[in-house]
Structures are given as C-alpha cells and as structure tokens.
Amino acid sequence: MLSFTLNGLRFKNPLILASGILDESGETMLKVIEHGAGGVVTKSIGRKPREGYENPVIYELPYGLLNAIGLANPGIENYGEEIKVAKKGGVPVIGSVFGSTVEGFVYLAKKMEEYGADAVELNLSCPHAKGYGMEVGTDIALVEEIVEGVKKEISIPVWAKITPNTENLVKIAKAVEGADALVLINTVKAMAIDIEAGMPVLSNKFGGLSGPCIKPIGVRAVYEVYREVEKPIIGVGGITYGRDAIEYLMAGATALQVGTAVYLRGIEVFSLIAKEMEEWMEKHGYAHFTELIGLAQVR
Amino acid sequence: MLSFTLNGLRFKNPLILASGILDESGETMLKVIEHGAGGVVTKSIGRKPREGYENPVIYELPYGLLNAIGLANPGIENYGEEIKVAKKGGVPVIGSVFGSTVEGFVYLAKKMEEYGADAVELNLSCPHAKGYGMEVGTDIALVEEIVEGVKKEISIPVWAKITPNTENLVKIAKAVEGADALVLINTVKAMAIDIEAGMPVLSNKFGGLSGPCIKPIGVRAVYEVYREVEKPIIGVGGITYGRDAIEYLMAGATALQVGTAVYLRGIEVFSLIAKEMEEWMEKHGYAHFTELIGLAQVR
Amino acid sequence: MYRVVEIEEVVTETPTIKTFFFRDNSEPQPGQFYMIWLPGVDEFPMSISYIGEIKGFTVKRVGAGTARMHQLQKGDKLWIRGPYGRGFRISQKKALFVGGGSGMATLAPLIDMMPGDVVIAARTRDELLFRKRFAGRKVYLATDDGSEGFKGFAHELVEKLLHQEDYEIIYTCGPELMMRKIIDIAISKGIDVQASLERLMKCGIGICDSCSINGYRVCVDGPVFFKDELVKMKDLGKYKRDKAGRRVPL
Amino acid sequence: MYRVVEIEEVVTETPTIKTFFFRDNSEPQPGQFYMIWLPGVDEFPMSISYIGEIKGFTVKRVGAGTARMHQLQKGDKLWIRGPYGRGFRISQKKALFVGGGSGMATLAPLIDMMPGDVVIAARTRDELLFRKRFAGRKVYLATDDGSEGFKGFAHELVEKLLHQEDYEIIYTCGPELMMRKIIDIAISKGIDVQASLERLMKCGIGICDSCSINGYRVCVDGPVFFKDELVKMKDLGKYKRDKAGRRVPL
C-alpha cells in the first residue's frame, strides 16, 4: 500500500527522514531506518567542516521548533564513511549538500555519488546561513544554473529543495524543474525573543520555523507548485500524523519528508505515521497511496 | 504606563485592533474600544462594495486561524457613517484601504480623511486577493509610488502595511519608508485541505495564516526592519498575551495590533493584554512601555 | 477543524423542512448552533434541534446550500464545527415559547427541558413544525392563512394569550419581524423575553463582524439575546447587513 | 520556552565545583538533566544534583560557560529547560555507586534514594565531591595522587571492592575512560551496570544528532544507558564527535 518507485529508486514507504534531523552520523540514520523510514536524507554537507552556531541553536515552541544549527557538518571529505554505514539500512540514502556556487554544488554532488548516495538533494533554502541556502535559492538564474550544472555531472537523481520565504515560489520551482524532484518546503524564517533575558534566544538571532505551525504554508506551497511543474514533489513541513501525510499527498506530493515530528512523537514516528496512513486508506477504500496524489486539486 | 503619542495621535495604550477583525461596522468598533483597544483600524475598504468569497472563509487551526474573507467590504461610498460612529469611542480610528493603482489608493485615502479618519493604513499585503494586497505589495516601485502619491494628497498620517510573504521584506520596507509608520505583518499565505472531503477547506483555496503560529515570523520581520528604517513600526501577528506584546516591543515595535487573539481570548483581550503588560513592567521596574522598544536588538 | 458526522436518519417534517439525525460527542445547549459545511457547496449556521446522544439539525430549504442538504440521505456525511454561541438561559418564570417557521427548530430542545406553553406559527398548516413533539402541555397553533389554529400572525396570538395567562417570560425564534413585534409586546407589558436572532454568518467565531447588529455579534454574544440587550438593538426588525457589509433594510 | 529560576544559595563544593540551589516545579528523576541558558554566554546540559523541592545543579568549571556560571550569586537567574532524558532505573540488586569528578553530581540524587556503597573518586583530595553527603553507609574515597583514601584510579578501587563484596550492579558517572573501564569490569564479572554518559549537546531533545554515540542519542535515549546498550557502544571511551560532527579520538 505504501511502497513505490521514485526516480528509479525503490522506497518501502513515502516517509523519508528530512535533512538536518538525526542524520549527521551513519549509525543514527540506521536507527531511523530501523524505525520505519522509507529513506533518509543526510544533513546538509558542505565543502569544509563547520561547527555551526553557538548554543542555543534550538528553541521549543508550543507548535513547532525554531532552529539555527548553522549548517554544522563534518565536511564532505569526512562524510564517505557515514554514507557507507547508512546504506546498510537497505533504503535509499539521499545526500544533501549546500554551497554557494555552481562549482561548489557540483563538487559536493559528485562526492556524494562517489560515496554511494542514491540521490542528491540540493539545499537551496536554509533560511539562516549567510551566503548559502535561501540567499542562493532566491536567485532564480543561479538556482537554474546550479541544478543544470549538477544534473550534467552526475547520473544519480537530483532533488532541489526550495524555500517558502519568497513571493516567487512558482518561478523558483520552474527554474529548478530540471531536477528529478522538487522538495518543499524548508523552514520559514523566524525568530523568538526571551523577554526575561531581553534578547533573541538563538545565538544567531534568526532561525527557521518548523513543525505543525508551518504545515499550512507547506501544503499551500505543494499545492501551488503541483499545478505548474511536471516533476514529482516531495512534501515536507509539519508532517506529524498520518492525516498530515495524506493532506500533503492530496495537495500534490508524491513523497514526504518528516523532521520535527521526530521530536514530537519520537523516532518511531515513521512507523506510526505509516500505520495511520494505512488505516485511513483501508477505511476509505484506497489500495495504494499514489491514488491520493493531487486529489484535492480543484481545477 | 501605556499611553503614548504616535504621528501626533494620542493613544491610551499601544494595543490597536488589527484590520479585518470586528471592524466592518462602526458600532462593533465602539464595542472593541469599550473593551480597552487603544485604537482601531477599519476593515480594508475598496472602491466598490465586495461580497468577498463564499463560505467557508475561515478555518480554525490548533494554533491560529486561516482566512480568506476576500476583502469583503461595503465600499468606500457607504463607509462614512461607520467612521463617524467609531469615532465616538474617543480613540484614534485608522481607515484601512486597498486598491491596485496609485490613483485608487489616493481616492480611498482622501475619502477616509474626509470621513474623519485619524490616519490611513494602506493594505499592501493581503495574501489572497487577486490584483490586490501582496500582489501589489511586492512590486517595489509601485508601493513606493503608492505611498508617495497618498502622502502628497492627504494630511493625516499614512501607515503602510506590508507582507511577510517575500524574500525582499527589508527592500519593501525601505520603499515605503515615506509612510509615517510601517505595519507588519499581514497574514502568511497558506492553505488547508480537509482529507475527508478531499478538497481545500477555504472556498478560495488559499488564505492567510494568523495567530500564535505566525508570531515568530512577525517578530523576525519587525526585528529585521527596525534596524533598517527610521520610521516607527507597528507590530502585528499572533499577539495574544502580555508577554507577546512585550516580545514585539523588544523586537522594535512602537505600537501593536491585535487580531486573532480576539477569537482566542474574547473581545476583552485588549484590557487583558494591557493589564498583563502593566503587571510585567511593574515587576521588572519599567515605568513606561516605550522603554522596551528595541531592547532585544543585538548590534 | 471539521468533524465528519454521518446522517443516521432523515425525517421530512414539512414540505420545506427536514430533520437530519446524527451522532456527535459535543454537548450543546439549547439555542446553540453549528456551522455545517457541504464541501464544494456552502457552509451555513444551523441550530441544534435535538441535543441528546442522537442529535438533529432541522433545516428549512431556502437557497442553494439548504437545497443541497435536503438531497442528503442516510449514510451521507456532514462536516460540522461547533457548538457555537450562547444558548437560552433557563428560568423559573412561567414561560411561553413562540416559534415561527423553522424558528421552532431552535426552540424545541429548550421546550424539551423546561415547562411552559407553546405557540407554533407558520404561513400555512403544512408548515407547522414539531406540532406533535411536545406532549402533555398546551400547544397553540397559528397560521397566516388560517388553515389551522389561530388565523393571523404569531404576535397577535401572543397578545391574546397574554390576556388569558400571566406569562412571565417569552422565548422566541422565528422571522425577525415576528420577533421584533413580540419583543415590543414584552417590553410594553413588562415581561421578560429571550430571542434567538439570525444574521448572515461568515466566521461563526466572533471575528468577521458579518453577523453584528448594533455592536452585538450574533455568533458569540448571541444568537440568544436577553431583554436588556434586545431593547438596545435599533436595527432589529429594520436593518440587516448584506454580504458586503452594507446596512440594508430587512 | 525557558523558565527563569532564581539562585537561592551557592555552595562551594571544591575549588572547581559549586552547587547552585533554586526552586522549580518540575519533577526530575535522578540521572535526568536540564539545558541551562546564560543569555549572551552559552547554553549547556547539566544534571540535576538535588531533586527535592529545593533543587540543585552542581557545576564544575571547565570552560567559558561554566566559568560564567561560577560567577553567579544568590539572586541571579538561570534560564532552564527540561528535565530531559532517561534517568537511572532503580534496582533491588546490591549496588555500588562509582562517581568520578563532577560525575558524583549526577549520581548523588540516586544515592539519596537507594541503598548501596559509594566510591567517590577525584584527581586529588580537594576535588572529592559530596564526601559528607551520604551518611550511614560505606563511602570509599579514591584519589589519583593518593592525597586521600585509595591511591589510584576509580576502576582499580572497584576491582578491589568486588573481591570484598558481592555487588550485583554498578551505577557510574564520571570521565568516559573511567566509565569504559568500569563497564568492561562489569561485563567480565557478569554484573549489571548503568552509566550516565556525556556528549556534546546542541538540542537536548533528540533531533540534531550531535550527542549520538553509535546510533544512541545521549540526550533522549540516555544519558543513562543500561548494560545491553553499553556493550554495543564501540566508540565509548574511544571516539567522540566534535562540534562539526567529525568522529575524533577522545
């Protein structure tokens, strides 16, 4: 009911671990896979090791999380072993990378391919890193070049993860349509101030909002882009229960990623959501989740 | 502790009713004033009467509201009486207007002035009306012209309400710096699908997200803009308790607007928040709320 | 968020009115209402007409939305949110209930809960709603065309009854002009009154102002209002607001 | 969201360790920890060292954050979130508690709650933490330099004690190399063991992967781990992850 093929990759279910959550080390990714994830995306990896921002890098809100980890990562040269370990899980491992130039992205993507990653996800959307992520990802000409540059140089599928922090969502989506799939959304640019301290909580001040509170933003993004691009969309943002997963599918997502829900419901969230989806589909007479894709599109 | 003057207008407290909430009729605005609002902004009024979208126009979420009222309004020619009635409340009444051209905004603003409005708020940011709101409000040259055009033609203060649905927030803020104050944020573009119905809930499909879930986005917007523009900022988005009001002040807001909290805590929310602010300030040794403005800015 | 409830039974009450029975865990008070969404069609407010374990909406066909609802059958679904608003306040006073047309739907669960005499009014005999529902008490009927019971408007019958019995409170729901007259009677005779009002509703939760009458929001301050509030409503029976928010004659 | 607590008392335990007492409504288990934020300075994890109505953090000065904390005084504030993680599991077995350095802070509230003998280890006599806290039971001291009690490492003393008494479980917290040795001893002797681990923590809530060791997240799966888990941790005592997530030798 939940297994499917996307870009030639076989997934046992559409619930993929989102980038940045429990995916720095290969062994942790294995744990996530054991708990039912249909695939895993690694933390976004860059050229050099990065320590990220000082603590606090995370803030718990009643309806989600605010984070500014700051793209902490061991650097691509140190990452081969982690991919190798994660691959033992037997599900697709997607290497997420971030850079600021076409060459940078190409270098990282090639390394991921060399390490055995099943696909590459281009992070064009992190809202809180100077010179990376959404700063790159809202430059429509640049993102197009990056996607095309990477596509030319590697043979594994390329996913483009784009930002919701823009009025040009559809334009950006079209610019990256050369990718094999689009991933949306990344976190929403936000901040929190602790009034007793009289200062921003995150050491970086600004961060990205994730979790249930951004679900309506993510569903809107998927719905808007689905009608404008031909490529499969991977929906992410606030998916916590089976009903959220179904909502994203109905909006037009072909696969899903789950991040903050790992915090809300524990690492077993993947099998929980899968079970909830199956129960709902059985009750409503659907034989396979792909029947739900785009169902709520009103033309 | 809470009274102040902004653009020459005297407010008994900084808690102003946000546009679109209980402000279509003069008598309802009077009720809101009786319950402690320091000022009221009218519903956004256009040139002609508009019925708005069909029901459902509102959707209750666990952490906010999604709405697509569709700029329903009686039209400017029918609005003089409402302003007259609202003015009996003895607090500033700000006329919100929406249009799609400089001339349109100017016409509406002049009418508001003629009706006795104490200031005009330009809605450059509604996320769900074709040809209005944020479609206008992300055209940087156009918003600048609108603000300048209106400024030239009326003598009451002009407030510019801008959208968070953009990567160009600061640029837009600078473009409208000719206004006497900036109001941010309007709702965040979003949608919800009812999975049992298999369709979007709002008849317009897309709507605007408001309430506690957008507070981190609004605080971020105020914080970002405060350091870049000289004009006072009016913070709005998720202000529900005294502590939220203080968070916005610390981010850089000079005054505040309250919308969705009227739904969450009732019409008495204005006096409740005012009381909570006073209690907090007393406990922390602040004599006047203006001492808090921009306190959390880290340079 | 909507809850989906399944229609368990449909009862045709009159040529234009049907009752839809369903189960739902909410615990409404008489006079409260729900917003019913028919996906792809419309969303509209509806009073609860049965408040027990099996609940009911009693719906008059007036426009596109209610017409679609009338086509629904056992097993079909309703999307609902609520209960919303302030219901009737039960009193120890000697009560007269006055329902006009589908207004009886709103009053009925209150009548089930407290003693008092009942006036059921309608244009014509076929439209008399719930005429068999209230056993063991005085039920007066009135029709505009005299096809059954008292011939004339409900408020005329009420004036007559007030000469016969010392009612201390009137509970009413029905066409606004009828309610206006009854409220005026109550004011002039110095008796108490509660009325459930109807206005165009968009949000149902007290923020859009579409249902307001003289500063009172029907959806949260009402729909049931008390005498001290009703006397202040200058527009009652005279003006309403249209979808654009214009104040227009009733 | 952080809670702000006020420091009610500061006790200097050793030249490098202070205890900060405060009140807070949370109900931690021994072995659980909090994230402490010193605005403008740093945020770091800290075990609860007193779990009653008056709670305590017992903090060793190691870097910038803990140094700043050592400057705080009565009346100053702490921003905290928690309690987090899985604490110790109380057992009926005959227990030996082995704390090294500030590790005693983590063990102390457990020792307060259950019987058993205690080993307090430190580099030197001045650093022996909580030597007077546990009345009415056997407390063995060990110092690396022999300035008090047993001269040598904690695990050496433990080996000796295991010859004297039939301990069935060891609870331990302290430097990782010490814990590694003690776990190895427990494995080889077939006795049970629980150890509270320390790793770099960014989120404290199980999502960032910075605290993971061989797939176990110290912040939510631990910080206290049981024997069947500890035996699987190949990196324990050998590798850790740095701030960039690189696997580096301890």
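Chains here go by letter, A, B, C and D, matching the order in which they are written, and residues are numbered from 1 within each.
Quick note on the criterion: contacts are C-beta pairs under 8 Å (C-beta built on N, C-alpha and C of every residue); 3 or more make two chains touch, one makes a residue touch a chain.
Keep in mind it's a predicted model, so treat the numbers as computed, not measured.
Discounting chain A, connectivity by touch gives the groups B, C | D. Mean C-alpha position of chain B lies 51 Å from that of chain D. Centre-to-centre separation between chain A and chain D, using Cα means, comes to 36 Å. In whole angstrom, the spacing between the mean C-alpha positions of chain A and chain B is 33. Distance between chain centres (mean CA atoms), chain C to chain D: 67 Å.
Contact of a single residue of chain C with at least two other chains is seen at no position.
Among the residues of chain B, those in touch with two or more other chains are 61-62, 198-199. If the chains shown are joined wherever they touch, the resulting network is a simple chain of contacts running from one end to the other without closing. Pairs of chains in mutual contact: A-B, A-D, B-C. Interface residues of chain A, counted against chain B in their complex, comprise 61-64, 66, 134, 138, 163, 165-168, 188-193, 195, 198-200, 205-206, 209, 212-214, 216-217, 219-220, 223-224, 243, 246-247, 250-251, 280, 295-296, 298. Across the complex, chain A is touched by residues 1-2, 4, 35, 37, 39-40, 42-44, 77, 79, 81, 202-210, 212, 214-217, 220, 241-247 of chain D.
Touching chain D in their complex are the following residues of chain A: 20-25, 27-28, 30-31, 43, 49-52, 54-62, 65, 67, 69, 72-75, 78, 81, 194, 196-199, 201, 259-260, 262-263, 266-267.
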